[in-house]
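Worksheet for the structure shown next.
Each chain gets a letter, A, B, C and D, in the order it is written, and its residues are counted from 1.
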Amino acid sequence: MGAVEMMSFGERFRVTLFGSSHGPEVGAIVEGIPAGRPLSVERVQAELDRRRPVGRSLASKRHEEDRLVLDGGIVDGRSVGGPIRAHVANTDVRREPYDRLRDTPRPGHADFPARVRFGPAADLSGGGIFSGRMTVGLVIAGSLARQLLEPIGIEITAFTRSIGHVDLLEVPEVPLAELRRRCSENEVWCPDPGTAERMGQLIEETRRDGDSIGGVIEVRAVGLPIGLGEPFFGSLESTLAALAFSIPAVKAIEFGAGFDAARRKGSEHNDPYGFVNGRVTPMTNHAGGILGGLSTGAPIVYRVAVKPTSSIARPQRTVNLATGEETMLVVTGRHDPCIVPRAVVVVEATTAVALAELGLRGGFLS
Amino acid sequence: MGAVEMMSFGERFRVTLFGSSHGPEVGAIVEGIPAGRPLSVERVQAELDRRRPVGRSLASKRHEEDRLVLDGGIVDGRSVGGPIRAHVANTDVRREPYDRLRDTPRPGHADFPARVRFGPAADLSGGGIFSGRMTVGLVIAGSLARQLLEPIGIEITAFTRSIGHVDLLEVPEVPLAELRRRCSENEVWCPDPGTAERMGQLIEETRRDGDSIGGVIEVRAVGLPIGLGEPFFGSLESTLAALAFSIPAVKAIEFGAGFDAARRKGSEHNDPYGFVNGRVTPMTNHAGGILGGLSTGAPIVYRVAVKPTSSIARPQRTVNLATGEETMLVVTGRHDPCIVPRAVVVVEATTAVALAELGLRGGFLS
Amino acid sequence: MGAVEMMSFGERFRVTLFGSSHGPEVGAIVEGIPAGRPLSVERVQAELDRRRPVGRSLASKRHEEDRLVLDGGIVDGRSVGGPIRAHVANTDVRREPYDRLRDTPRPGHADFPARVRFGPAADLSGGGIFSGRMTVGLVIAGSLARQLLEPIGIEITAFTRSIGHVDLLEVPEVPLAELRRRCSENEVWCPDPGTAERMGQLIEETRRDGDSIGGVIEVRAVGLPIGLGEPFFGSLESTLAALAFSIPAVKAIEFGAGFDAARRKGSEHNDPYGFVNGRVTPMTNHAGGILGGLSTGAPIVYRVAVKPTSSIARPQRTVNLATGEETMLVVTGRHDPCIVPRAVVVVEATTAVALAELGLRGGFLS
Amino acid sequence: MGAVEMMSFGERFRVTLFGSSHGPEVGAIVEGIPAGRPLSVERVQAELDRRRPVGRSLASKRHEEDRLVLDGGIVDGRSVGGPIRAHVANTDVRREPYDRLRDTPRPGHADFPARVRFGPAADLSGGGIFSGRMTVGLVIAGSLARQLLEPIGIEITAFTRSIGHVDLLEVPEVPLAELRRRCSENEVWCPDPGTAERMGQLIEETRRDGDSIGGVIEVRAVGLPIGLGEPFFGSLESTLAALAFSIPAVKAIEFGAGFDAARRKGSEHNDPYGFVNGRVTPMTNHAGGILGGLSTGAPIVYRVAVKPTSSIARPQRTVNLATGEETMLVVTGRHDPCIVPRAVVVVEATTAVALAELGLRGGFLS
């Protein structure tokens, strides 16, 4: 059977994920950052901290986890031009609950296809590779990418747009820094306090029900130079989407007007150009800041749908691969009822990686 | 300024697009097809014919265009293991209407960012690279990919799910071959005759108004072996999406339940497993046939949103880059009021390319 | 059986060869040249003309061949940032002599392993892919690469260092332009007229004998910025060698002192540093201008060994794959008795491609 | 300045080196080994042990170093299809001797171009990346590659062919296993005891003189299926050479007759075919087992020249980059007088990596 060799992304800003959820560590190697760029390890740690589980009781328990260990590539706060390798230890591995899943694949989880593909010996380890814990490496890479982008003025912020049926109806029209600040004041990472409160309540209710819930994350990126992206296979949409879908649980993505664009006339959808402060500017942004795969100068806007976590405490119908019989499964262990808030920082990370890759490719970052 | 080097896709099934809309030809080089596989050039031609403009009056005019020229890689109806190069000539190039666009970028089109990125000398040629005509190369590659997939039982069909507000409410539950047959009986490539009729009417009205309209294409792929795809960066979703977004005008994609998954509970969304004819089978398919980036054995189901064509006859506000003044633009020339029906075959093509790439990577096609 | 997908080289300066010796054309796609660089198609043609067969009688016959056809990527003498595709037609294909080789593989030629790998249906076409004629694409790419390198002061010249036992004992210490001029005055492309005369005589004698002869080509490249190259897999030696060995008939390569370095003490071999015109300069050049895979500022110097052409008129022992018997083979058709002089421009081309790739990678050409 | 992103090799058997000579560890990530293959970590350790310094006094001192730490990819002695990461700790780092080199680049070493390329802050770390210690990662990858190759009958052995002017005149015609056994009985890894003795004496003399000495390593690989390799850029010679030149100190390579082929007539050089045990077989092996970039079934034979170590105790002329004056340098610290014997296992490793890459590409190992 074939090997899993695609744990690497990128031609210029190359990310290789390593480790697994049940091994000693998870992390990433990042290649392609030019020498001499200022890089703060503390900022990477801060982004990792944003991946912590949501909910007051849990949050404190795991507070000291995920300490970043850097090995090479940064000296005296600057890139040296070589690969940057960083990881965090897996300190809290509890194998037992997973061992029972060996023969009864969880509905909605990679268990079953991974076992068929990689065999019974490999499936636990496979499960480890498919784990959301691997996104630690994405966050590491994304935080470095972001630090490469900021000096040319690119800023990225994502936030929770909806949890289940609780929607953020309107996105506050404030600068990105302020949007970010508002998000940081609540655990669900939503810029409106009232909506955030209702989202949090829904998550807690869902937890009590032994169930899980999905949601939508919206991303904004501003300050891109005009023309960033490549036509066709390296389009901004292609690159952002490929990376977004590498996050387990993401099942949809739309740029700008997105699916709504399919309902519209060209005369309604096209963004007219005008001059703003002497610069050519799209006067609306139905395109989400992207035309022909290239940035237009307007903010990049896109949304991703995150499905509900597959591991739930409620009994679910599945099969026993050993006995060949149908059976009911109750997944134990600690599982997030909603990973949307924790995924916000991961989506920011994949966005930064995409922009770093295309920025380097287009000569905007060299 | 950086070069556009990303006209290539794939590590195992490698596609390189060449040509431009205003040059002598457009086509593709396809590398990676093992030697000895049966490949019909006629079938590639047939797929190219499906890209023809929709609407009776236009269809006849361009009937003899896009004759495939093959150069190398196929001998006596079989792959020889080397690169396959194929192209069609651009026989009907009318440069003049485009020259006027040099200084007045079309709203909704790549004109503006391409010009900023590649400079005034390059933008026409750039426009040529950004043209939908480049999808000829995708269709060539896709048709070859499909012929590589069929012997292991993989079938792909796409169809028009909506045009503007005209929706296909229910997808007929028939085998893919029958679905395909029904689509082929109308110009909009929709399996329901009544809906197809209304879609066609909407397109004609839109044309008369000098406007354009968007729509949604749905894709089905069946017969995939379980486990096709790679975790993370090479997930089925990542690969299908990256290729779908390389099609100009695609602005959104969703797999299975897609954005609706973000509204649901895990207990509603997870697809339970059961045995069907002795085989483990997901009993519902909210996952769109994909878990952890791998195929589950259930049909792959996804939808893409196609925005309305940007080139419309109605006056639009834009700027004159030469004079620095705002101006109104009326795009002349022949433009499709709706490219959704023509894009159906292109989406099938990118689907086939994605599955061929991942099939080769996973050892399913060697 | 596996596919031949490796007709592409490079990450930044990407070359894809296409065509075959018996198909309609051979050529290359070149990706990665930044937009706006001056590129002369005439210069590419001039390099192609240097590939012409050596010997007065032959030269005239094929004088009109190999006219370059450019399709895209260059407008008004400048790169537009997109792929450059160029080819020459195969106007003088004589299939018949080759058909007889189908079952009796030529000693010293790719016939036998190609047939085993790609099967009987493919071997002619395979022969076509393995042909020295494919180096047309290398020369096209190399000439474009050279034009990218010259503006930063990089010059490349190769010459014939030996044919059989006829050696150029000493390389004249003159500027590269003068070296080049002297080479251009004789058909064997050797900078010393007396040696060139003896080389030419040896080639003519060899031809009369129905035999062939090998030789050595030496390459000089000057004007490289210090530090061009990458450590380990992207070292200057790795990249130059990988490309040199892609030329059929090259069997050895040595940099600087080369094999002689294996005989020496460190105290004899190390190149001491001194100041020349205020610049740090290696005072000798046993390293061939490369340390740790990076350029030192001294001229790049390397030599490649070219084996004698495998197709000779003398009877050779081989096997008949159809009958399973041993047999004698006399290769008819027009074959060069010595391809060394024609290969000089090809080695210059691969050198230029290597330096363009590494120059772009290191940020020296952006 | 550009980034060093090329610490990775391969498309199918992908090797990424990490660490540096002065950081906490060095190692490799290996991707592309199909799931379910037997892999012994002990064998990797045994190959690492062969990299130990030569000479009785030194050998014992460092005996316990370089213990392999495996993290992921192998479970219960079999590959699981995911990346294999392994490293050894740098336990004996002595920074001080190197710090003095910061401003006085060692002749023959990467110091100078690395400093120019990556700047003063980076050069120590750069020195670390350029260190021969990084070949630990090559040996790890090579040992895994070898274990992937053996089940299809491929065996690789390298040995010391010469040290300075001490040559192994004739290679014993014995099976590879026996050749290997004889090599393992002496420290210089030469199959003839008398020659080995003289080589060892020369190395000891050289050490006493505070000097260093070069040598030649010869490689044999047998059991390759016919047709392994790709035409042009992925030829066996290109791939083997690119990897061989990634080993610091390798300055030349020749396949089969090598440079001697340049002296010969085609009638002398071509290897005639005959039948041996009913199989088509080249009756001589001037081609070194490779035609058209593909394996012929005859043993692969090639030689690499290793230059004398650059770090020697003798005073050498260099420059002081801080003061701008010429100066004399005496390199202190522990340095091998001859790295040829230690490089034997590294050349075997790069050979195995090349064959694994091409074997996977050609479908011979799947």
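By definition in this document, contacts are C-beta pairs under 8 Å (C-beta built on N, C-alpha and C of every residue); 3 or more make two chains touch, one makes a residue touch a chain.
Treat the numbers as computed from the prediction; the structure is a model and nothing was measured.
**Student:** Consider the two chain pairs A-B and A-C; indicate the one with the greater count of contacting C-beta pairs.
**Tutor:** Top pair by contacting C-beta pairs is A-B.
**Student:** Please identify which chain has its centre, taken as the mean of its CA atoms, farthest from the centre of chain C.
**Tutor:** Taking each chain's C-alpha mean as its centre, the farthest from chain C is A.
**Student:** Can you check how far apart chain A and chain B are, centre to centre, with Cα atoms defining each centre and the answer in Å?
**Tutor:** Chain A and chain B have C-alpha centres separated by 26 Å.
**Student:** Just give me the whole-number Å value for how far the CA centre of chain A lies from that of chain D.
**Tutor:** 40
**Student:** Averaged over CA atoms, how far is the centre of chain A from the centre of chain C? Could you give it in whole Å?
**Tutor:** Distance between chain centres: 47 Å.
**Student:** Give the residues of chain C that touch two or more other chains, as numbers and ranges in rising order.
**Tutor:** Residues 1-2, 4-5, 7-8, 34, 117-118, 126, 129, 363, 366 of chain C touch two or more partner chains.
**Student:** Per the contact definition, I'd like the list of chain B residues that touch chain D in the complex.
**Tutor:** Those residues of chain B that touch chain D are 11, 34, 363, 366.
**Student:** Taking the touch rule as given, give the residues of chain A at its contact with chain B in the complex, in rising order.
**Tutor:** 1-2, 4-9, 17, 105-110, 112-114, 116-118, 126, 129-130, 134, 162, 164-165, 206, 211-216, 226-235, 237-239, 241-243, 245-246, 248, 250-275, 280, 282-283, 287-288, 291-297, 305-312, 314, 316-319, 321, 324, 326, 361-364
**Student:** Going by the contact rule set out above, which residues of chain C touch chain B in the complex?
**Tutor:** Against chain B, the touching part of chain C is residues 1-5, 7-8, 12, 14, 16, 18-20, 23-25, 29, 31-36, 71-72, 75-76, 78-83, 85, 117-119, 121-122, 124-126, 129, 366.
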